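As written, the chain order gives the labels A, B, C and D, with residue 1 at the start of each chain.
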Amino acid sequence: MIDLSVKIGELELKTPIVLASGTCGYGIELKGITDFGAVGAITIKGVSLTPKEGNPPPRIFETPCGVLNRIGLENPGIEKVLELMPEMRKPGVPLIANLHAETVDDFKKLAALCMDFDAIELNLSCPNVKEGGIVWGKDPSLAGRVTGEVRKVTKKTLIVKLTPNTDRLEDVALACEEAGADALSLVNTYQGMEIDLDTWEAWRGGLSGPAIRPLALFAVRRVYEKVKIPLIGMGGIKDENDAIKFFLAGASAIGLGSIMLRDPEAPRRVLSGIIKYLKERNLHGIKDIKGRLRWKD
Amino acid sequence: MIDLSVKIGELELKTPIVLASGTCGYGIELKGITDFGAVGAITIKGVSLTPKEGNPPPRIFETPCGVLNRIGLENPGIEKVLELMPEMRKPGVPLIANLHAETVDDFKKLAALCMDFDAIELNLSCPNVKEGGIVWGKDPSLAGRVTGEVRKVTKKTLIVKLTPNTDRLEDVALACEEAGADALSLVNTYQGMEIDLDTWEAWRGGLSGPAIRPLALFAVRRVYEKVKIPLIGMGGIKDENDAIKFFLAGASAIGLGSIMLRDPEAPRRVLSGIIKYLKERNLHGIKDIKGRLRWKD
Amino acid sequence: MRLREGRVKRNEKKGNFYWMEVEIPEIPSLAGPGQFVMVRGWEGYELFLPRPLSIAWSSSTCLFFLIRVKGRGTELLSRMKPGEKIWITGPLGRRIELPEKFILVGGGIGIAPLLFLSRWGKGYAFVGGKNKDEIFGTELLEKNGFEVFLATEDGSLGYKGTVVDLFFKKLPERLPVYACGPRPMLEKLQGYDGEIYGFLEERMGCGMGICKGCAIRTKGGIKHLCTDGPVFNLKEVVFD
Amino acid sequence: MRLREGRVKRNEKKGNFYWMEVEIPEIPSLAGPGQFVMVRGWEGYELFLPRPLSIAWSSSTCLFFLIRVKGRGTELLSRMKPGEKIWITGPLGRRIELPEKFILVGGGIGIAPLLFLSRWGKGYAFVGGKNKDEIFGTELLEKNGFEVFLATEDGSLGYKGTVVDLFFKKLPERLPVYACGPRPMLEKLQGYDGEIYGFLEERMGCGMGICKGCAIRTKGGIKHLCTDGPVFNLKEVVFD
């Protein structure tokens, strides 16, 4: 018997497949398209205290095996999002609120408003505006502080989503764990840019998709070797093979991001593939592969 | 008239196309294959004071639109490499010695031995063994120090090759400029890993190829906005369009790396494409596009 | 609206465009005027995203696309051969309500979604392009009860000039207008003093509202092309 | 040795393998025993590197490959159709000097380079595979003057067992041996008390000595498969 359930903090996921933030809307849009039976949890598009317009177009570019986005965290604000709760509940899957804010206070207020969600995920890829604008997730002490402060106001499962754009990834991860995070989610996108060859216009953006898989996998592994809390691993996963690599690297669950834009039926496809892989090897669950890679260097 | 020559320190390149280190051997191997008329300079495979065996196989993996390598800086040592000088001279193209060492002293000794090269490139992606093993290029003061010390022992054009695996890229670049570097070369590979799904064996490696282009482009631009010395931009360039993006981002010359493994005739192809692009727009040389992108955010 | 696998039935070069017929029985009966689909004609991931294409026509089991090669994606689509697999999600976007009589104004490849619209009414169709190789579908429009006015910039077919010029010159009746074409064309049409709707374009991620990639500026704030559009009241759109 | 564009002339499934003929006039006359080429049958960059393939046979203008599907690259190659473009660099690797009479030992797809070798001499060929679908080229070997011994692990053709077992059992004469097949097979053959050469495999970047990706451990230190090999004196190789 194969047991695919995983526990992330207090959260029981029926499958180890999490829909990553920003690539599944509020889940609602995927009604009738995605088979939610294959989904362990839905992470909604990042939400802030007040509405955000996001960036002017263009917002999305294609790069070799990758997607570069500069959505700019567009969202209607937490109040409007809470109104969607009845609709968001329909798939019957645990809901994770992905939050972003520019101050510790706003993060706390947001978290306190998320009572009806099953878990909270802090997106630390945005800048801390009060303290010099440094991105929360680039600085272990900032990351630890915001995690600790949010921890005080909520008993919900608290996930911290890490940015890979830092040398101090492991220290940031440790700081979040010490400050009370129940789990870590990584990676968010890698900073890149694109240029239009005709107009010479240029845009910054975050890179995701298969291109980043080798980098993301390494980020997950480095964090796995440092912390004890479970990890939701993501970055370029397109099929079961990629997913299994993240489990072998140490992820307890995996996130599907960009692939949802191309194939909204990816959750079932990936889940079936994982089951097949486990069966063929007589393995009984994610725990039999989690972290089990063998370094050859 | 289109003028494609560029100056990198004292080095006059007839074309802005540099063969990147580690992907063109010693140039010798490409005799009769690559059209050296299209090549501005050859950067030889990284060399150290004493021979290095490199890593046991496997050493190279393919990832989506990328190459992950763990060659391990295999080389026969500087003495043996110097013996190749007559052969290396045959293409008639300036030669850049790519050096790596574990101590400042070794870097100095190496540089002093490179009298017959046209320029020296310090590869700062390897660890400084005496001082805790931190990678030279991750720390502005280390990077500045090694650059300054090498500067003292050579009058050759001194290029410093930067690693993108750091938050402090701009500071490292500035430190190298202040310490006397004539030019900077970037990026080296991004740290990643690969796992074999059958054996669960895992290897660390450096990612290169089209996958990293959006990241490398951004790295080049960030450095361009900080320093005055010329940049050799590279990372995922496969065709003229990619090359032009690097010029628009601020590179004075561009490096062809992984593409040489797939298409050793890339220099001519890319050069012809650059000329066509310039002609179609009535532009006269790289200076007409260098750095000229327009940020839209 | 699920991701379906179809098969290319034909793919013919017509002037500067390709006319592609795809067998994909699940979709045609659901498709309404103004809708589009996301199309992928390759299995690899180098081109990661599917491409948005208008539904240009349909039969009971097939969709028809009119394609102009722009970059790698449309080039791959243009090279597809009968029998090859193709993946399509749709129909997507907002179905529009059409009056009985209306005017179509199409520039270049912009004619694609207008052909489909012509099935739902009667009226006048202004069709323009750089030259005669960019004029497509006049017989179909006529068969559907549309009087066709042609314009080419080089004068190789019909009126010599832009389709917008021709439109403002020949405007037969003040009817609602549905336009599709390059941005400058739509901007000029904003000046029409009647009801005017335009098919907009923006880079898309998903085509189904989950990525927020397809933002469009309107007087009422940011809208999303794939869920609020692709057809917008042109007077509401802010071009910049 | 430059990068050349060729055209697939035929590509036929033969048991578990594909037999591909490629028209590429510049290469055949240069190709010698023991050499290989780097092959790419796709234009995109998702699969970035070309794949090493042995020269299995040649005519005046064509190269022949025997291909076993392993991953995406060989799968794409196996699906190629006559007329399609293919890019090849070569011949690469060290040409070997063959005696007049020698023994070939091939396991599975390992038969590919041995077929080409059979053109340069006479002798005995031991050919093995998991089952009869992995046996290829016996007629060609016989035509070239080789006495053929067959082994399949399931006994579906010839001796039931491994080709190495058969070889040690039937060894007709103490002649130099050229072997190609899976690593365990080559390891076992190291025990042969005569001259023994093996075709090794390693992941390659460039195939022409510029990347140092293809390291092979030998008693004499690291060697490079693409420039020092692919054929090595098996007694010198360190398997680990």
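In this text, a residue touches a chain if its C-beta (ideal position, glycine included) is under 8 Å from a C-beta of that chain, and two chains touch if they have at least 3 such contacts.
None of the values given here were measured: they were computed from a predicted structure.
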| item | value |
| --- | --- |
| Minimum number of chain-to-chain touching steps separating chain A from chain B | 1 |
| Remotest chain, chain A as reference, centres from CA atoms | D |
| Interchain centroid distance [CA atoms averaged], chain B/chain C, Å | 46 |
| Chain C and chain D: spacing of chain centres that average the CA atoms, whole Å | 53 |
| Whole-Å gap between the CA centroids of chain B and chain D | 36 |
| Chain A-chain D separation of Cα centroids, rounded to whole Å | 46 |
| Residues of chain D engaged with two or more neighbouring chains | 45-47 |
| Residues of chain A engaged with two or more neighbouring chains | 55, 64-66, 209-210 |
| Residues of chain A that touch chain C when the two form their complex | 22-25, 29-30, 32-33, 45, 53-62, 64-67, 69, 71, 74, 209-210, 238, 258, 260-265 |
| Residues of chain C that touch chain D when the two form their complex | 44-47 |
| Interfacial residue positions of chain C with respect to chain A in the complex | 1-3, 40, 45-50, 89, 202-206, 208-217, 221-222, 227, 240 |
| Footprint of chain A on chain B - complex, ascending | 55, 63-66, 68, 70, 138, 165-168, 190-195, 197, 199-205, 207, 209-215, 217-218, 221, 236, 241, 244-245, 248-249, 277, 289, 292-297 |
